[in-house]
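Chain nomenclature is as follows: A, B, C, D and E, assigned in order of appearance, with residue numbering initiated at 1 for each chain independently.
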Amino acid sequence: MKQYAYYPGCSLESLGKSYNSSAMAVAGALDVELKEIEDWNCCGATAYFPVDELLAYTLTARNLAKAEKTGLDFVAPCSACYKNAYFTNSYLQRDADLAEHINYALEADNLHVSGTSKVRHLIEVFINDVGLEEIKNKVTHPLKGLRVAPYYGCQILRPRKDHEDVENPQYFEGLLSTIGAEPIEYASKTRCCGGSLIITNRKAALDMVRILLLDAINHNADVIATTCPMCNVNLEVYQNQVNREFGTQYSIPVMYFTQLMGLALGIVPGNLGIGKEQISGASMLAFAQNAKQERNL
Amino acid sequence: MSERIGVYICHCGTNIAGIVDVADVSKWAGEKLADKGVVVSRDYKFMCSSLGQELIQKDIKEQKLTRVVVAACSPHLHEKTFRNACKGADLNPYLCELVSIREQDSWVHTDKAAATVKAKAIVSGGVARVIHHEALEPLRVPIHPATLVVGGGIAGIQAALEIADAGFRVYLVEREPSIGGHMAQFDKTFPTLDCSACILTPKMVDVGNHPNITLLTWSEVQKVDGYVGNFTVTIKKKPRYIKTEDCTGCGICWEKCPKKVVDDIFEAGMGKRKAVYVPFPQAVPKYPVIDDVNCTYYLKGTCKACEKFCPTNAIDFNQKAEEITVEVGNIILATGYDLFDARRIPHYGYGKLANVFTNLEFERICNAAGPTGGNIVLRDGKTAPKTVGIVHCVGSRDKNYNAYCSAICCMQSLKFAHLVRERTGAEVYNFYIDIRTPSKGYEEFYQRLLEEGTRFVRGKVAEVTNVARVPEEEGKLIIQVEDTLIGKQRRIPVDMVILSSGMQARHDSKDVAKLFGISCSADNWYIERHPKLDPVATMTDGIYIAGCVQGPKDIPASVVQGAAAAARVLGKIQQKEIALEPVRATINEDQCSGCRICNNLCPFNAILFHEDKMVSEVNLALCQGCGTCVAGCPAGAISGTGFSNDQILSQIDGLLLLNISHAAVPVES
Amino acid sequence: MSKPKFAMYWAASCGGCEIAVLNIHEKILDVDANFDVVFWPVAMDAKYKDVEAMEDGSILLTLWNGGIRNDENEHIAHLLRRKSKILVAFGSCACEGCIPGLANFSPIKEVVDTAFTTITTDNPDNLRPQTSYAMPEGIITIPTLYPVLKTLEQVVDVDYYMPGCPPESHQIAAVIDLVVQVLQGKAELPPKGATIGAGNSTVCDECPRKRNVKTIKEFGRIQLMHADPELCLLEQGIPCNGPATRSGCNARCPTVGAQCIGCYGPAEGVVDYGARLISAFASVIDSNKPDEIDKILDGLVDPAGQFYRFNLAGSLLRSSKSAQKG
Amino acid sequence: MVDELFFSHEIANIMYASHGEPITNCLQCGTCSGTCPAVEFMDHTPRQIIGMIRADLKEEVMASNTYWTCASCFHCTVRCPAEIDIADMMYALKRYSMWKGQFREGLIGPDFSEAFVKMIVNSGRSFEPLLAATYLPKFSARDIIQEGLMATGLVLSGKMPLLPKKIKGLKKFQQMVRRIIPIGEPS
Amino acid sequence: MTEESKPFEPVIIGFTCNWCSYRAADMAGTARMKYAPNIRLIRLMCSGRLDPTFVFKAFAGGADAVLISGCHPGDCHYVEQNYKAMRRFHLLKRVLVQMGIEPGRLKLLWASAAEGAIFAAEINKFTEEVRALGPLNWSQPGEIVSTPIMEEVTA
């Protein structure tokens, strides 16, 4: 049983509840234990840096410090949290001066951070640690013929040149084919959804959402799969507003990759938080069902 | 016997005297270093001037000097000058030491007191060192009159012809089946727009027919031994499976060959060739090559169509690779460049979006002999584009890929723009960061393009996409870019995109550099001896570079370098023999215990071990004088002329002003 | 006519040199036959004042073994220099400091403390020797230790050097033969400052082991590995000082399967013994990657000790910083 | 004596932990602005902002909405041929303008950030509804209704909790924060 | 200026190779870049000529620090000899530490002929680092090693 220091992040307690439940369910099904970091705090998304950089790093560092204690990898399901943690961690390793400042502050909470724990995104844990082979073996309801637009979003990838191809990654596609779905190739998969602007610059954000929906729909996707609660909310909840703003009639379901995995693994929709979405993912269930029938025949 | 040393401090106008108190230094040397053997110490405005040199020569004669120390500029500038001065006064030139108090002192320091002290230290170091100098004679080695030219592109061709015409043997080695290089693939050449083939082919033919040129195509250099004037080069001739002595190049074999193969090399993947082929009709030599990776006979064991139809039985399926060795005195490397792989920039869509082309692909499209017979059409092979976008600086001037400017892309892109307009009348957009047209007639060409109405958008293209946001973008390639001159992001729909991929060093340039013992820059271009004053020589005597192997450049520049390298080589050949710095290592046989530590310290294989006597020995001809073995010998049995332990250890003492009596130090107040 | 005078003195050293001299068996008789032994504390009773009473330069040959550790050593060194025509630095201690010289790694206090406090010493009251002590009979003194040990040539002018810890008996015999022949006018003395009783090359010259071009992937300790009995030890990663150590011992240690530890000191003309080994060993390390190189070097425990076991006092640096501070 | 700092230096100074190249390396090639997904909502393109900073046009930069329109997606940073961390620079500009208290009227960003941080400092966690107070006033009536409808939708679907959470070790947490900046005194 | 207030001026011996680092120094000169006057250069043909003896000699002779410089790895004029210098440097450093000489007093610097600016900057950096370490004055009890050279002109 693989164990990880799990950092859900604030959104997974509110807007991203279904992400959290589906993540937990899927992890369980794959013998992955996500041990929630005790008494974690908000990582600050993108709203701290404008105020104080050092504070921003420190807040993330507090969570990292707690993870380091456990000696487990730090795993975040939210791309924004993940990016903050990833940067903070790598800067901690490179910049002794920064580390010193941060640790001075952390002393107040009897904590110390050294940047030793690995920071990882949930999807990458499933793909690399569990492995596609293993997942394939556990799939009971392959989502045959379901055309999924894998939406990476920006925060999960950037700006790490040392890592996988940031302009044209492929691992999400790999995961989707593993669960029997049909990933579509579309250019906007790493384009920003405007999550951080949705409050502060509504117009801009809606336009960015529009372009993503348009690209996905032009490639006749049945559903958009996301790896981040921010993206998910932006793409789903704001579809109406996009339609009103630009006179479009978009209505495409948006699901967390964990929800699709869950279905393929035969987990009951309820445990995946399916049914709570604004744009019904019922069609997904249908696919899972068909798959099941086919098997039974 | 103690030496009689003359010390000469140069003012170099105010260059040195402005910071260093030269008078004080020379006075100090005269007093404090007297016990080291200093008998004269002078300072003078310009030591390197004829008067300055005469001053030294006079002292050598009258004061019976046995050693000379000049404190002036860097040895790299005037060491020879002062050595010759000594020689002129019948003092062995190697008994002179030039120490730098300009580059290493007055030019880099501001504190006069400190600079003066440092000058004293440097002089005292020089004095301490020069005592241990020995009279040396430069090594003289004969130069073999033949030359090896590696690479049959335009630079190599030019170099080969120059030398051959002067009446000396040239071995021209080319990796591909034919010479011609990249230039043979081009259609027109900027800015004059004359046809590339028309000007190149005659030169290729000359090479093919030249009595002094031994042409070795489909061959690669395996090994290089020896040193300037006396290289022994091992060359591997890959099997052509053609008896070249019988082949007439009639072409029946490739007519009859049933196997079509995509030509990635010459046609840049745009066209096909047969399994037995000549890369292009004007190929030199005219003999084809059988491509044993794709030939049906080698795959299935049957076919041999070529053999059946060959009128002169020139096909030989059993031919094997052979190795030949040649003796040459000098080597010219003209191995050219590789094209930057546009796939590395996924957001430019090359390889994913059909109608995104590379510059080399486009050259082939334009070429009347090319896959489309010179019709500028889209990937489908028929549709002519109505709008074309040309993207500059692809992979160039970009720290994510190649930080340098590829020099030719601007003019090449302008050329493309002109050809497109001329032949299709299409709308053409050039997307550039800066237009660079520095050579003769280039700026005029740019003006001409502006007059022709080509559109120029200043901005590095952000991405090429097919995601349409508005109806007019449907089915087009959209080029997204900031038009920096108006400060707006623009999305420009086009039918065809041409990527001006930059040049980069050959993928194997590092290995080749190692093979020939020269050095590469960080970008793997070969380093010239001096960027301005010695652009075609390398740090390794007898090895020269020409063309793009030294860095991105256009055809005229490559030709110039080819000719320049040839001139340098001819100069060397005329000298018949060359003098080498007598900085060499020698092993004292009595002290050598044959422990063999030194044996693999020498990259030039100059150290040989005699099993019988159980001692190692240095081959003076191969030794380059780096001194690594001298420093490495545990028994201290290896000594190095010019940089002996005594010389350096004494110089350290000198620099640290050791054993200089306190009392006598002049106290100024 | 009276026989030429011979002296031998034992300064800071273990006494092995004295034994080595006796080890030349019947040759010792030649000494007696040809020399009048005037001063040899270990062999006969003699007093400093007797020596002081002698005429300057009246002793023909003095073999001095041991380094200069205290003021008594130095005093006698000057005394014997004055009285002797030929002063020979005899054995590694006198030539280059040898094992006593290893104390130059540590402050003198540390050295004394180690000597008087560690468990091997029974010193319940934790006493320290006093250089002078008043007793009813009067004040008694013992020599004062110097902060660092010096070699003989660092305090007086030396005529010849005879390396080895101790010098090989056959070499001693050879030297005695030579001197005797000189006395009989049958031979010439070597030039002043020469090293006698040893070869010009290094141990490898006399070592029977097979050797190839060297590359070292890993250093190991001989006791922890099964060394090939035929092959050069260094090639097997065993830090053998042979390549840098003066020949003359018939490669005693490598021949019997132990690595050379360098008692014969540097070869002819070498300025710093350790530097030669540092340079040689490092040069043949088989890596160009800094971290990999460091990993390989980790196999060399205590490099300074490895390279300067016999030569520290005679090296360019002579002693560690802490030792100089005293 | 200390030379008076140029604006460009000030910005460089507050890009504390950024490991990108300094903006003096900018080629003005426009890759950033060609890439930026929000550029059409900016007064000046990112490239222009860099140019303006280098020209020390402080007032103009402060008055621009560009950096408040940055979505922090870092695509510019990824593509910049001069390896300048442009997204980080945008953060730096935000900080600078917050610090100087000079930014364009009617922007939501500054208040939002401030409020966000206050909230975190007070509870250790973020909680959307609380934030609404900071930006709704700046919304048009139409937007406010929108927002209301959406919020209720979210609450009904159980996606949005009604009460904020607090972390347990809040005291120490706040001490920690105060060791860095004296803002957001616990209420 | 009184003795006390006078800052410690380290003496640094620098070894350069003929092809890269010495030319870098030349370039720093021709470009009139300024750096600390504390370093005194010795030109070797190659960093591979660097014999540890030279380094010991310099320290024993009163140098406060030693700089070893050569071509960048892979750019050696003699193909690969600078790697040998690197290997020696690593072992030498270990020995110096055992002798009580701070590792900061020995520096290995790669500089190409084009890197005059880097060369100058590194020398300044090194000089300051050594200044911070203070004088080494490596002397055997009872013997004067180095002449106090600053006095000569300033006294």
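Definition applied: a contact is a pair of C-beta atoms (placed from the backbone, for glycine too) under 8 Å apart; a residue touches a chain by one contact, two chains touch by 3 or more.
Everything numeric here is computed off the predicted structure, so don't read it as measured data.
Novice: When every step has to jump to a touching chain, what is the lowest number of steps that links chain A to chain C?
Specialist: 2
Novice: Going chain by chain, each one touching the next, work out the least steps from chain A to chain D.
Specialist: The fewest steps needed to get from chain A to chain D is 1.
Novice: Please give the intersection of the contact partners of chain B with those of chain D.
Specialist: Chains in contact with chain B as well as chain D: A.
Novice: Taking each chain's centre as the mean of its CA atoms, which one is farthest from the centre of chain E?
Specialist: For chain E, the chain whose C-alpha mean is farthest off is A.
Novice: Which chain has its C-alpha centre farthest away from the C-alpha centre of chain B?
Specialist: Centroid comparison gives C as the farthest chain from chain B.
Novice: If I rank B-E and B-C by number of C-beta contact pairs, which comes first?
Specialist: Of B-E and B-C, it is B-E that has more C-beta pairs in contact.
Novice: Taking each chain's centre as the mean of its CA atoms, how far is chain A from chain B in angstrom?
Specialist: So the centre of chain A lies 50 Å away from the centre of chain B.
Novice: Approximately how many whole Å separate the CA-defined centres of chain D and chain E?
Specialist: 48
Novice: Would you mind pulling out the distance in Å between where the CA atoms of chain C average out and where those of chain E do?
Specialist: Here the centre of chain E sits 33 Å away from the centre of chain C.
Novice: Note the residues in chain D that touch 2 or more other chains, in rising order.
Specialist: 40
Novice: Using the touch definition from the top, which residues of chain B touch two or more other chains?
Specialist: 347, 400, 601, 628, 631-632, 645, 649, in rising order.
Novice: By residue number and range, which residues of chain C touch two or more other chains?
Specialist: Expected reply: 271, 276, 279, 283.
Novice: Using the contact rule from the top, write out all pairs of chains that touch.
Specialist: A-B, A-D, B-C, B-D, B-E, C-E
Novice: Would you tell me which residues of chain A are touching chain B in their complex?
Specialist: Residues 161, 165, 167-168, 186-188, 211, 214-215, 218 of chain A touch chain B in their complex.
Novice: Would you pull the chain E residues touching chain C in the complex into a rising list?
Specialist: My answer: residues 51-53, 55-57, 59-60, 73, 80, 83-84, 86-88, 90-92, 94-95, 98-101, 136, 138-141.
Novice: Flag every residue of chain C that touches chain B in the complex, lowest number first.
Specialist: 200-205, 207, 211-215, 232, 234, 242-244, 247, 266-271, 276-277, 279-280, 283-284
Novice: For chain D, which residues are in contact with chain B within the complex?
Specialist: Spelled out, the residues of chain D in touch with chain B are 21, 27-36, 39-40, 44-45, 47-48, 79, 81-83.
Novice: Quick check on the complex: what are the chain B residues that touch chain E?
Specialist: 21, 24, 28, 74-76, 100, 102-105, 107-111, 113-118, 120-122, 125, 510, 514, 517, 519-522, 527, 531, 539-540, 583, 601, 603-604, 624-628, 630-632, 640, 642-643, 645, 648-649, 651-653, 655-658, 660, 662, 665-668
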